[in-house]
């Protein structure tokens, strides 16, 4: 099959040149991979022509098919699996970034032309009880794919706690605003208050109050309670008071919790509660494990979310801020090589979020999954759920 | 013709909505026009779909045709003429900006696929003599269009001076670099030296020295003297030592002049010399009044540029920095209304450039034209010409 | 005693005016106390005349004596005790700040004129073993003063671990530098590497390598290994390779630990080990519980510090970075009012340090004490001790 | 006299060490003198003990006496004279800096304890006429000391102009504020408007409006029109509506002039007018050539300042912004060596001020003197005088 080999080689030669150029541009942060374009100046880059993009995609697909068909696949399999899960993260990040770019545009263009469901009655806020003691969290290494930061599975010591049966809603958050929440330093962590002051923060990201002089967004003809509207991937919409609040920073989540007399759960509390709740469900009949929102979280039906004994909307509505700084689990060992830069080197200054959001690919959601962001960030679809001591 | 009128009106209604949105986005700096999108955040804006752009263009063309066909045109004529000249400035700025965006891209993509002319022999540097005394500069108000900052025509008092017969070349500028020009504070204005230090400036913008690890630009297979290459709108090319140096700041032009024992001309000297030179030419037979470069300045033929008695490359190769701060001419009066913001409010902190460059529309070049930039800026195609006392 | 009361009142009137002015200036960060001078602009303030300072001190002393002699003291006692401990923190901070100001001065002036002890032989690095399981940490509320962040006492779950018998020394840290530690991103947390790059960090704060052109510090006639000198409150001195390394950031401590194949201990591990070690000592005969350094940490004698079974230099040499983010203990409740701003609102983005340093007042050192700084800070006297899994 | 020489040498040895240290610290911006402490970090330096300062002063005095008594004086004389004039500039700068430091202190301490003169009736605003044509400005090189930037004397061409007989007063400037001057972009240069917006400028530096919550300054019991007070070196005082406005930027001066329908004079106009006016005075009998203010400009008596035919307050009240960018006079040659850095290298981005202020040493004031500051600066005591075309 010399001919095939030749054509492969010739393809590879052209592709190598392409890959060398894009390798420099596409290296986001891997120090081990070599020099890269400064991240802050990425926005200055002109886009390649569509034909180049398609050619590059074809190159990647061909090369992957060759690799998987060949002998090397066995060795590469773990890396390919990691790559697929990494790509799922990109799917979500792309939507987050598109939302951010469109949301910064005063014309508020819509990404998807879908009529939103109207507000539904929100489930009453209730708290489920969980017993303390020794519990196990983290992923068992049973061959199912997990990221290294979810391991090793280990024991944690908890005291009795209570966890809210659903996330805090827009309507509840609006009460915090109306009560002067953003102008009372007593509710805020010191760094949070400094962030509020320095950035003149008065509301969640993407909330906008009707103002006469400003150009109107695509969906802006109506507005929600108090004249509030919210930018979504389906355009600007009246604020839905029953949907989970989202695009808030850790500082905002923590301030709300303090204002309301509660606290945020630790990630261990969240995971223990999630596992206990899943154990009581029948995945065959329980269709509501994942969020029902399309592009944007919506209020779950009262029957499934937020009964006084069952947790609702744990997965797939909004990423939920926890009170846990992102640290290594006891005994954690990062992988060797560039892959080892994937998680471990970010274990400082960030907080853990759990559960997944309306933009997360369904296969990417699990109870042990640890997402993480800086406490001031809010372009990710993050909300929160209250907790208190048992 | 009720029907036509109706269709006009209906067109106008749709267009009005379009225009309201774009009016907010497209107001670059006119305080009198109202609120506008923050300039520094323009790069974050997503682009409108191509169909919207074409529709908007159609709207503008139609509306202008209606206006010019109607009775209002007489009144609007001065504004339309100003708009056409303003649009010529945009033509040049678009090319400057495209060059900047492409030049920031490590892949150095080419805007135009034109094979560059090879280096030509450069004319010998010589100086032409001009007599001092009372001269007149500025535009006579004879009905020909000029910008308000070129008026009023007025007398200036000069002493004898000499002006170089061509701009400084890349090859000459390279000598300044090789002599340690960028590391000798004595050559520099204090603000210039601070700019060099703060921005780590060691060469003109778009110059690049061959480096092994970096991805290669489109035209980078060869390089010029000392391994230097220059990014142009036709891609990265070997540095041509005979072409005028360009994309230098005022600070660099001034430092070079001091290093070489000369100075930069005042704008009055430049204009007086340009007028005297033009008077001796026959526009019918002299085809070389404008620069011969396409997208990029090139060395003019020795026969036309840089003889010891005649000035060469005064127009259309590189904008030439003068030693004159951009100020109002004696008796200057800005126009009323938003048009009055066009020039006068920029008369601080900037320096005057004269002559036009290889990107300037030919009809936009004249002896009295005053361009202006901040002394640290260099994304415009700016070079310089030496002068000294007579 | 009407007369005494009168004089009190008259004193109070003058003092009230004084206090009103200084109250504005001296409010460092208490939102509940009211407006205050911007922290970043404090350095611009002119100092009050010495006579005003003495008068103000006299005012504070008199007012406190009156308060403590009167009936109100019982109520105020907890606040006075808190104030005394807060003042002890200021004693240390003053020395840290003086060191920073003097250390930023190229003349390196000495604060105290004390001849340093010469280098002593450093104890061999060894690791002591500690068993995991359930342990208790935090301060018992038995009436002894503690800060609220040390409470409540609570159980923690640990796995077996080993803790170094002494902190890392300057000599050991020098090996990290010589091995290219500051230029290998693989050793660093992502934020740490960004900090290294942005600030051009190549050594601990206050280390300086002999350079010919620079003005010499007071003690600079000699230098330590590799030409290294270290600025101390007793002037610039040759680097002592046996003393604990200090004035390093968390990022540096963490990078060294990774480079050496170890990790930093958690604060629970540190406290459990400290308590176990204290239990085996006889405070009557063991004079070496506190650091032996005056103004600066020095190597402890090998006999007391760093035997293979006993921990040395746990208290009073250098604050030791732990791997624990500064968070609330389970069940933590901040005090009410302005005092509640003292600790809780800083529980984000900072890391815990344990043990005390050569500048800490002896009465301020205890096993449950939690100090905290941002991971990039290093003007505090911070070093670190290695740990690993058991 | 070997002994004297020895003692000189021994003195010199100690002094040399002292001088080497201070030389590094005291080099403000002379690149030719060598490395120096970063200017922005000067405020961090601890002050030397008073004894060291006195010793250093003694050293400088002794060394200067030796130099002037010796043979070298002849050669050094021009440098000594330059040094004395430079020192006079420092005298003024010290007062400006003290004012700035004290004025940034919310307690507004007074530098000098002098009761201010009450407001006097201000002279009516009038304009004196001057004929255009060829005039001479600049300093004649007749042996009297001048700075190099005042030379060479040269001809300038002017058109007829009118110059106000006194500077704009606080009361007049207040009208500009009341008329919304700081919120109307049409009055402002583009850079000036950006400066106003970015720094939230609403009044001259040191103006303060009575506010209840703020600590009161030393002289603050009363206030001027509209509740305005002004910080001066003699403490905070009611704004005097008849005194010249001062501590305004060029942008503010230019905006006021535009608002009032006038313009600022060019420096040539100012100097020509000043010389003409001086020629008509008898210095023996005219005691009012210099400003009458002590530490602060005050309104001149109507009889001497501001009659319709005579110019008042040209010297020694407030530095007067002119419309002239600071550039080299035709034929200007800077001195060689470090002294050449004194003036020439600042000839960019700054504007010329003329006349001197209430803090300027009287011997430092002359008609040809060219002061210069950036257009946004206002910590210098700068006001302005209106002009218009004749």
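For reference, chains read A, B, C and D in written order, and residue numbers begin at 1 within each chain.
The rule is short, and it goes like this: a contact is a pair of C-beta atoms (placed from the backbone, for glycine too) under 8 Å apart; a residue touches a chain by one contact, two chains touch by 3 or more.
Here the structure is a predicted model, which is why all the values come from computation and not from measurement.
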Quick one: point me to the chain whose Cα centre is farthest from that of chain A.
D
Centroid from C-alpha atoms only, then distance chain A to chain D, rounded to Å. What do you get?
59
I'd like to verify one number: the distance from the centre of chain C to the centre of chain D, where each centre is the average of its C-alpha atoms, in whole angstrom.
47
When centres are defined as mean Cα positions, the distance from chain A to chain C in whole Å is 37
So chain C residues touching two or more other chains come to none
Which of the chains are touching one another, listed as pairs?
A-B, A-C, B-D, C-D
Footprint of chain D on chain C - complex, ascending
20-21, 24-25, 35, 37, 41, 43-46, 101-102, 104-107, 109, 213, 215
Residue set of chain A touching chain C in the complex reads 29, 31-32, 134, 155-157, 159, 185-186, 188-193, 250-251, 254, 323-325, 327-328, 330-331, 341, 345-349, 375, 389
